[in-house]
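Shown below is the structure under consideration.
To keep things simple, chains are lettered A, B, C and D as they appear, and every chain counts its residues starting from 1.
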Amino acid sequence: MIIVMKPNAGKDHVQHVVDLVREYGLKEHVIYGTDRTVIACLGDKRMVDKGAIENAPMVEKIVPILAPYKMASLEVKKDKSLIALGPSGFALGGKKIGVIAGPCSVENRKQLIETAKAVRDAGCIGLRGGAFKPRSSPYSFQGLGKEGLDILAEARDITGLAVVTEVVGVEQVSLVAQSADILQIGARNMQHFPLLEAVGKTSKPVLLKRGMSATLEELLLAAEYIINAGNKNIILCERGIRTFEDYVRNTLPLAAVPELHENTHLPVIVDPSHGTGHAHLVPPMCLAAVAAGADGLIIESHPDPEHAASDGAQSITPAALKDLMKRIRRVAEAIDKTV
Amino acid sequence: MIIVMKPNAGKDHVQHVVDLVREYGLKEHVIYGTDRTVIACLGDKRMVDKGAIENAPMVEKIVPILAPYKMASLEVKKDKSLIALGPSGFALGGKKIGVIAGPCSVENRKQLIETAKAVRDAGCIGLRGGAFKPRSSPYSFQGLGKEGLDILAEARDITGLAVVTEVVGVEQVSLVAQSADILQIGARNMQHFPLLEAVGKTSKPVLLKRGMSATLEELLLAAEYIINAGNKNIILCERGIRTFEDYVRNTLPLAAVPELHENTHLPVIVDPSHGTGHAHLVPPMCLAAVAAGADGLIIESHPDPEHAASDGAQSITPAALKDLMKRIRRVAEAIDKTV
Amino acid sequence: MIIVMKPNAGKDHVQHVVDLVREYGLKEHVIYGTDRTVIACLGDKRMVDKGAIENAPMVEKIVPILAPYKMASLEVKKDKSLIALGPSGFALGGKKIGVIAGPCSVENRKQLIETAKAVRDAGCIGLRGGAFKPRSSPYSFQGLGKEGLDILAEARDITGLAVVTEVVGVEQVSLVAQSADILQIGARNMQHFPLLEAVGKTSKPVLLKRGMSATLEELLLAAEYIINAGNKNIILCERGIRTFEDYVRNTLPLAAVPELHENTHLPVIVDPSHGTGHAHLVPPMCLAAVAAGADGLIIESHPDPEHAASDGAQSITPAALKDLMKRIRRVAEAIDKTV
Amino acid sequence: MIIVMKPNAGKDHVQHVVDLVREYGLKEHVIYGTDRTVIACLGDKRMVDKGAIENAPMVEKIVPILAPYKMASLEVKKDKSLIALGPSGFALGGKKIGVIAGPCSVENRKQLIETAKAVRDAGCIGLRGGAFKPRSSPYSFQGLGKEGLDILAEARDITGLAVVTEVVGVEQVSLVAQSADILQIGARNMQHFPLLEAVGKTSKPVLLKRGMSATLEELLLAAEYIINAGNKNIILCERGIRTFEDYVRNTLPLAAVPELHENTHLPVIVDPSHGTGHAHLVPPMCLAAVAAGADGLIIESHPDPEHAASDGAQSITPAALKDLMKRIRRVAEAIDKTV
């Protein structure tokens, strides 16, 4: 880290900070510039709360140099991780793009099995569907719970798709892990650390959604929690951030995809359904995500969006999904990938 | 809710939407305007997922009319709620402003007891201190846990202050509820619904922090979850939102205070420590929050900020707190309140 | 527009608003709902400042229904506009994607002519280059001015590329219009209305960049100013918005591309250079923009980015541009377009 | 500035950067850390475009140390500037808070003179009123122009108030400077540099509004343009920023006030009318702004807000202003200031 002193900092102020730096177990390197004195600290430990030094007199600011995550970084593991998914063992993170689709919520057996078959026939490798739903309002449909999990398991047995469903609390992790192939951590739980640790203790792949105002560093630190607890099978998911834009439910910042690839070995998928909030924007943003280098997609699809129990506005029909998959395949091939 | 049709919507499109509206148990009212047809829906139910109708052909947008929360609203309860806090039973939400102060984390007995006495002597009514700490990095100090709770309880016994501490997971609610007077839900957990329900089943007042990208509506819906689970003793806390601003850790939008007072009976306090991230900005923003009508404040104070285990940069010393309280008192009196 | 009354609005409050509505030349339609009274206003005029009515007693909010722009909208002109560019008359807005490239600033004759040839050889149709530079700091390089324009004109004569350069003030419009083929309005000037009107009085195509915190509606209103002044040849340009994200100079919200296509007949291009701020993110975001349906791209390219007078960090070399164009071509073909 | 190399940067990469640093006229200081090599650059010139070096191989990032503005900073001028306003020569920036009020637009003589008298009687020192109005839509009321200026001048003669009005383009600067006492640069023009230079060549005080997505650094750089052109009489104005918040027109970040006071000698006022967009939020945010240390306020007041030609929703009546001024006075006194 670098400590920048205020313009009029005196020798004693600098010495005071140097003493602090040494107390923190670091080695200082003082540079007297034209306008400012700057103290570079060597042996920068990730554990030190650097902010505290900001409180010393005449300190202007602290500039961290090291990224605070480690095991999720390319510095530690240089080759991209491949995550094996579901019965087929599809390897996410390679040249083959993995598409997951399905309804926001499991509403009933018929709805889900029908959708699952269409999803498989369209060429997807995973099935999404919420059994436990985190909803902003306590009055909204909260999911079928255990019954939903059973229906998802049946759909997997019928179709061979890898089943993804959300765990909304620590207390459901073991239950969900029995039925699902991939445990989803929703955007609102990205920094619910007990849950990160709980899924970190399972052996199931984790689909970790970026929080709607999380930085990429915070996303990678959330992944670090899971790896630190013992589970390296993590899929990062960009699902849009909250900005001033009002024509979308969230702003989908696709540059996060190549930027994450620059910094981590974990695969990155994109959720254009939550990332836009409107069905008409989903197909173009699926194509854009693939072109930007996403390792996969997760798409909301419902046989009857007008009657969906949740997220109807951003769901596409199975027929639209089928057509979309053909277009996705063409774009994938244009960048030397397959679907 | 209001459904706006696209410019070229035909009679059949309107009829299709009218049918949908009726299926959802609502009564329609079609208005043919110069450029648009608009369908007003009567009997607007809070439970209906209005978004689904957006998927019908030729629908341009859905405009909700009713706020989705109810029990937290002034419509249902017209007089302001007073929340009794700690041994003294201080009533937060009235003419007397309640100030809570203390360190980010409980680090050891000496640090906490010393701070607690200074906090009491400065005229505060509550003591904050984290025993279980949610930290962005798994490598950061995570708090003393149970031992921290014991130290907090002792500090309460010595000083008579109401103790506030965070519950980071459902599994700690009963443990924390035994020691603390007020259960804090942190910003990152504002939409961890199982936790909201768990604190909703206790009888302890809940200090609910606004999520860093939550709308006021989402904050009030989070409160609604707690009320819905049985606990009406909720204190809302504005602690800053994430924006493009870079001179602060968070942007503190004080207009949220009067706006919340327009919409809810729950008391509203402000956290200028997290709301700015820098000690030098805390005093002016404390005064501003009081002038904006806040019912209370929560301030980070540490006897030795340069060595704080967490949040050192935004902590003020007990001496600075004592001075600040005098200034807060004067501003409070200028708006006909007391401290 | 729709006026929503507060829950306890009485008959007299409603009547007062009805009177106001009539004064504004509109016709009212009062709907008495279960919880709220709502007043729909027919004959909604784009010119009325609807906000004023919000000040009437017991009015909760005003919901506009009509988009405030008209001539830029698909409602008025249903087929997409094709904008003819430069000596070749390339038609932007059709199946053929138009790529514009070049340095941030014209630095000298050699730099520009060399870049222009490389840009042409790579298959681009336009050359960008700043002669007058709007810079955040008065101490930064401000461009070569008139000399830069002359060099740009020479480059056009040599290469046949359409030259795009920015007009930073009303006083330069006629000078720049003599040399340039396309007049660029920079993001910081998107709402400098005198400039919009001035370029609206020329016959040159205008490249209108979205302001860094402008809504799409505000962008289209800026276009409306230009059309209203007499010039329909407008190219909209998404160049990223300001958000909390810190790994990019701007967040590039590509969903703006399909959303604009839903609402306007004007072509939409994307600037991934400013839209990311880092050279390594430019190629993937170029491909993503094309896949999202952009009609064109504008890319910063410099023969020696390490020594560029401005925007070096986001400039790619001519060699990288050549390679990128091949990849863009493949993605374009995958969505049935060409380059 | 500090240059951070990537983890695997070799000796040759470091040497290449060192050579670049020297070419830029700086002196390097290489620090070999545990995980990273860092190059501190001495003699940091404000004019160098530091970004260009980011493009060198194996450079991870560039960290600027010096603020890019100089003459607006406290480093250069240590005592606060006092700006003399209008006929009375009221000195803004001292212990006496200056309040400016008036309508968004000058609509007619009667409206303005009436408001001006009420504004003076309430104890304000300045009168605001738009003659040339920058409006998002070309169809909105654009102001009375020259006639509006004449009415403003008459109002000044009658009341002795300092008149503030906006200059929307370079071409109006001399005209407006003849009638107005203070030239306002609107938020949308904060980075219209030709206009900054034009007002910088007059001797009139300039009220410079922060752009709705401008950083404080960009605001101070805009002030630097004006000072650089010859005019040191600048009043900075915080008027709210664009965020995801939807209950306000803009989010008013009052911490900007003390932060600006930490960095500049220029006075800082607050505009709670644009800063909230709703009349009911204006009074509490006026009090909060004063408590946060603002040197003044600018408030929209209209005798008949329901019929205002612009900004009706955020205007308060003269009666409300009179009452508000009493409350402002009390809060000012509580922090040892006057009004």
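Observations on the model:
Note that contacts are C-beta pairs under 8 Å (C-beta built on N, C-alpha and C of every residue); 3 or more make two chains touch, one makes a residue touch a chain.
Predicted, not measured: the structure shown is a model, and the values here were computed from it.
Using the contact threshold fixed earlier, the set of chains in contact with both chain B and chain C is A, D.
In terms of the distance between Cα centroids, chain A is separated most widely from D. Centre-to-centre spacing of chain A and chain D amounts to 38 Å, using the average Cα coordinate of each chain.
Spacing of chain C relative to chain D, judged by their CA centroids, is 26 angstrom. With centres defined as mean CA coordinates, chain C is found 31 Å away from chain A. The set of chain D residues that touch two or more partner chains comprises 213, 242-244, 246. In the complex of the two chains, the chain A residues touching chain C come out as 213, 215-216, 241, 243-248, 251-259, 262, 275-276, 280-281, 284-285, 287-293, 327, 330-331, 333-335.
Chain contact summary for the complex, chain A toward chain B: residues 20, 23, 46-47, 49, 51-56, 62, 68-69, 134-141, 168-171, 188-189, 191-195, 212-213, 218, 221, 224-225, 228, 242, 278-279, 305-315.
Those residues of chain C that touch chain B in the shared complex are 2, 4, 7, 29, 31, 33-36, 38, 40, 42-44, 63, 65-66, 75, 242-244, 246.
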